[in-house]
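Only one structure is covered here, and it is reproduced in the block below.
So that you can tell them apart, the chains are marked A, B and C in the order they are listed, and the count of residues begins at 1 in each.
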Amino acid sequence: MSLSLGEIVNQLGGELIGDSRVIIRQVATLEKATPDTIAFLANERYLKQLQATGAGAVIVGEQLRNSLDIPHIVAANPYAYFARTSALFNPQAEVAATRHESAVIHPGAILGESVYIAPHVVIEEGARIGSGSRIGVGAYVGAGSTIGDNGTLHPHVVIYHGCRLGRSVIVHAGTVIGADGFGIAMDQERWIKVPQIGGVSIGDDVEIGANTTIDRGAIDDTIIEDGVKLDNQIQIGHNVHIGAHTAIAACVGIAGSSRIGRFCRIGGASGIAGHLNIADNVEISAHTLVTKSITEAGTYTGAYPFERNRDWRRNAASLRSLGGLTGRVRALEQELKLRKKGTS
Amino acid sequence: MSLSLGEIVNQLGGELIGDSRVIIRQVATLEKATPDTIAFLANERYLKQLQATGAGAVIVGEQLRNSLDIPHIVAANPYAYFARTSALFNPQAEVAATRHESAVIHPGAILGESVYIAPHVVIEEGARIGSGSRIGVGAYVGAGSTIGDNGTLHPHVVIYHGCRLGRSVIVHAGTVIGADGFGIAMDQERWIKVPQIGGVSIGDDVEIGANTTIDRGAIDDTIIEDGVKLDNQIQIGHNVHIGAHTAIAACVGIAGSSRIGRFCRIGGASGIAGHLNIADNVEISAHTLVTKSITEAGTYTGAYPFERNRDWRRNAASLRSLGGLTGRVRALEQELKLRKKGTS
Amino acid sequence: MSLSLGEIVNQLGGELIGDSRVIIRQVATLEKATPDTIAFLANERYLKQLQATGAGAVIVGEQLRNSLDIPHIVAANPYAYFARTSALFNPQAEVAATRHESAVIHPGAILGESVYIAPHVVIEEGARIGSGSRIGVGAYVGAGSTIGDNGTLHPHVVIYHGCRLGRSVIVHAGTVIGADGFGIAMDQERWIKVPQIGGVSIGDDVEIGANTTIDRGAIDDTIIEDGVKLDNQIQIGHNVHIGAHTAIAACVGIAGSSRIGRFCRIGGASGIAGHLNIADNVEISAHTLVTKSITEAGTYTGAYPFERNRDWRRNAASLRSLGGLTGRVRALEQELKLRKKGTS
């Protein structure tokens, strides 16, 4: 595919500064760009690379409007503009609507039109696959589960029985949706299993990374609303509810029955304890454990600041007697106050 | 299925207060319960929902015996009672003892009676599958490995060679048992692989969540005793030994050769360093890293307390000079002592 | 297999002290060793076990040369010597170069000589499998991806399209290489997907554990250099670059575009934020979050020191006002200085 800068701006908007006839064939990073590619500035720390880039054009924000000699497109949101540009040059590959003979599809399953079924897929009784969906190699759709239209299951995705995925949901390889939640009750020195009879309900336009796990509800469903984006290796416990358009980075764990608001951003490897409420528009930093409900939007953090091991040793040892230190400071303050009285 | 409250109490014990003829058809949450369902109070924070519930009956503890107008069952352990009630209404589905033609079973494997083998299963030479077991879609059982009676492997579980699972073990989708432990030795600026020749030995009544990994031993076996319950995405290193009835929440990592006691409870995303001993009945809080052996029962914690990012910034910066602060307080204390001497 | 101690030293070097005719049949742990096995001392904390061992011989370092009555091999690097000894007694099993009839191999894929293809494997168009490679049950190799010579994919490994693995790479079960990176741009209250058009490039002699995920690059490739060793359940974000011979323990997450040096050692469940540079020979302790680039070799740590819950409660509460405490100490210091002036 090749498009002139003029054609790109015609299709996507933004303001072009420079020669509209320059031909672009692909997107590129600033560092490796060639004259037939377009790059973008995502992050101020790459300004030096912008100066040295070999790109035919770049996408920048308003503040760089007058700082560049090469053709550039000024966009209100350069990263989103870049995303759309890349989608122009990299349309999703068409997949033929075939059904591989090694797939095992129960006669009581219902498949929409133009569905691609890869080798070794298994689809159980009562499952429904929406039109235009692609079910990747070895993926499994349990009894009565539903994949909405234009869904994509990458290889080896496992959807247990009784789960519902909305339209245009993408699930990456190895992800497991609908396994039993961790419901156990201690009784006479033995754990009894609590049957997990809820399902998982996932909205439209959700994307889920690789090797993530979303447990089915204990009684009611686990719920992921529209537009949620989950990275790899995330663990969502039973009966969690995630509000629309929340984005969660890799390795996060959310314990059972917690409710996350809309438009939250949850940093990598952070955790949310069970039975909490997190308001809309909350940002959680990486490696933070949230142990109480959060009622106000804002950024919350709880990572230990790393340092050289020898410094950490000293500070961490002091941390173990910090409660005592606080008491000692209070005692000093009292002592000085008393003396003040004595001398005044 | 439908049972009267009287029949439930007949089968499960507990004390019924209210009309024994009320008909129950399913368990429910307090919030969504209807008159033909029975709910329970798991957690004091749901007391408000108890007052407003539409349930036909509820399961409660002794302390709520006289606080309710609707029929209720008083149980010493309401959550365990609920687990048994739910199991009554939700018995495990029967699965026909069939063997799908796409499964590849080595003639030297031994299958017990009434075994269900799903499509695309592979069972290698010398493996044994106990009677009544269900081997899910695409599951793999390596050479010489044993699945005890009434075992359940969910889809895509991988059991490497030379592993042993006891009776009534449940393994959820995507879990890998018996992969090589992380045994590498640095030699002349190259890592050499240490052959991992031990196996994995898992007791009876163990349940393992989805996408968990349990490595085979370097020389001797990795051992999981009876009744252990593991959640999703847990990592168990080589030669770890987990005592009976210990429960481990999701995303925990246990490094090689550590030995965990019986009846421990290990919170989500916590970690245990290698070569440690953890006593029986130890509780580890979520996100805690255990770096020393624990010889006494009790609860141990090491999570950074989260707060608003601006507060965290200030406190975390101070933490970086906490060792110095401790010294400054000591100096102040000395100074005041000296003056005291001087003035007295 | 059986070898005398003399034969072992002939093959592997080291200095034998004791009877060279002793016959060894296998390696063993000190604890469970029998007279026909050889053990080693990996860790000073096992010295007591060394004294009580039933082994026929042990591998030790220089410092134990004169401390043992039983035959022993003195090696400069006992653990590496043990690794080589174990490899002698446990050579990799030969696998017949067969291709199972249930495998689905695109006619446009290219397979080298002596390749083993297990049941239910799928290899897409343009993929290449190097000579001597073993592709395990249900593994998937996407279009145009390359597995170098002597590669091993364990069961259910998923390699997306356009990825390249070097020679002698081992990938354990359930690992996913080349899934889309987490590239999303917020635009008008909706997340737009940024196409992930880079690949993954993995060098020679790399080993990757089970259920690990390595994302494809957003534009350029994600790169793992020669000799890197990755444990289980690691998450490598898009465009990460890992230098040669770096070893990473389980459950680590590395965010997008970070660059890790050579010969680094990264402890379990630690994390590295995005867009950072980590120098060569850096060691990161377990559970540490690295939030800034590291320019000097050394050990860096950031784990909260765990303690009994009641102590943690007190200290963690004080941590929340540590910034204030620092100010109070400064005030006390000022106060005393003033008084000193006043009295002098």
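In this text, a contact is a pair of C-beta atoms (placed from the backbone, for glycine too) under 8 Å apart; a residue touches a chain by one contact, two chains touch by 3 or more.
Just so it is clear, the structure is predicted and the values come from calculations on it, not from any experiment.
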Pick one for the touching-chains graph, please: line, ring, star, complete, other. complete
For the two copies chain C and chain A, is the contact made of the same residues on each side, with over half of the numbers shared, or of different residues? different
Euclidean distance of C-alpha centroids - chain A vs chain C, Å: 25
Check each residue of chain B and list the ones that touch at least two other chains. 102, 120, 138, 156, 174, 211, 233, 251, 269, 303-305, 307, 317, 319, 321-322, 325, 329, 332, 336
Listed in rising order, chain C residues that touch chain B in their complex are 27-29, 31-32, 43, 45, 77, 79-80, 82-84, 86-87, 90, 100, 102, 118-120, 137-138, 154-156, 172-174, 205, 207, 209-211, 227, 229, 231-233, 245, 247, 249-251, 263, 268-269, 286-287, 303-309, 312-313, 316-317, 319-323, 325-326, 329, 332-333, 336
Within the complex, chain B is touched by chain A residues 102, 104, 120, 122, 138, 140, 156, 158, 160, 174, 176, 179-180, 182-187, 189-195, 197, 211, 213, 215, 219-220, 233, 235, 237, 251, 253, 255, 269, 271, 273, 275, 285, 288-291, 298-305, 307, 311, 314-315, 317-319, 321-322, 325, 328-329, 332, 335-336
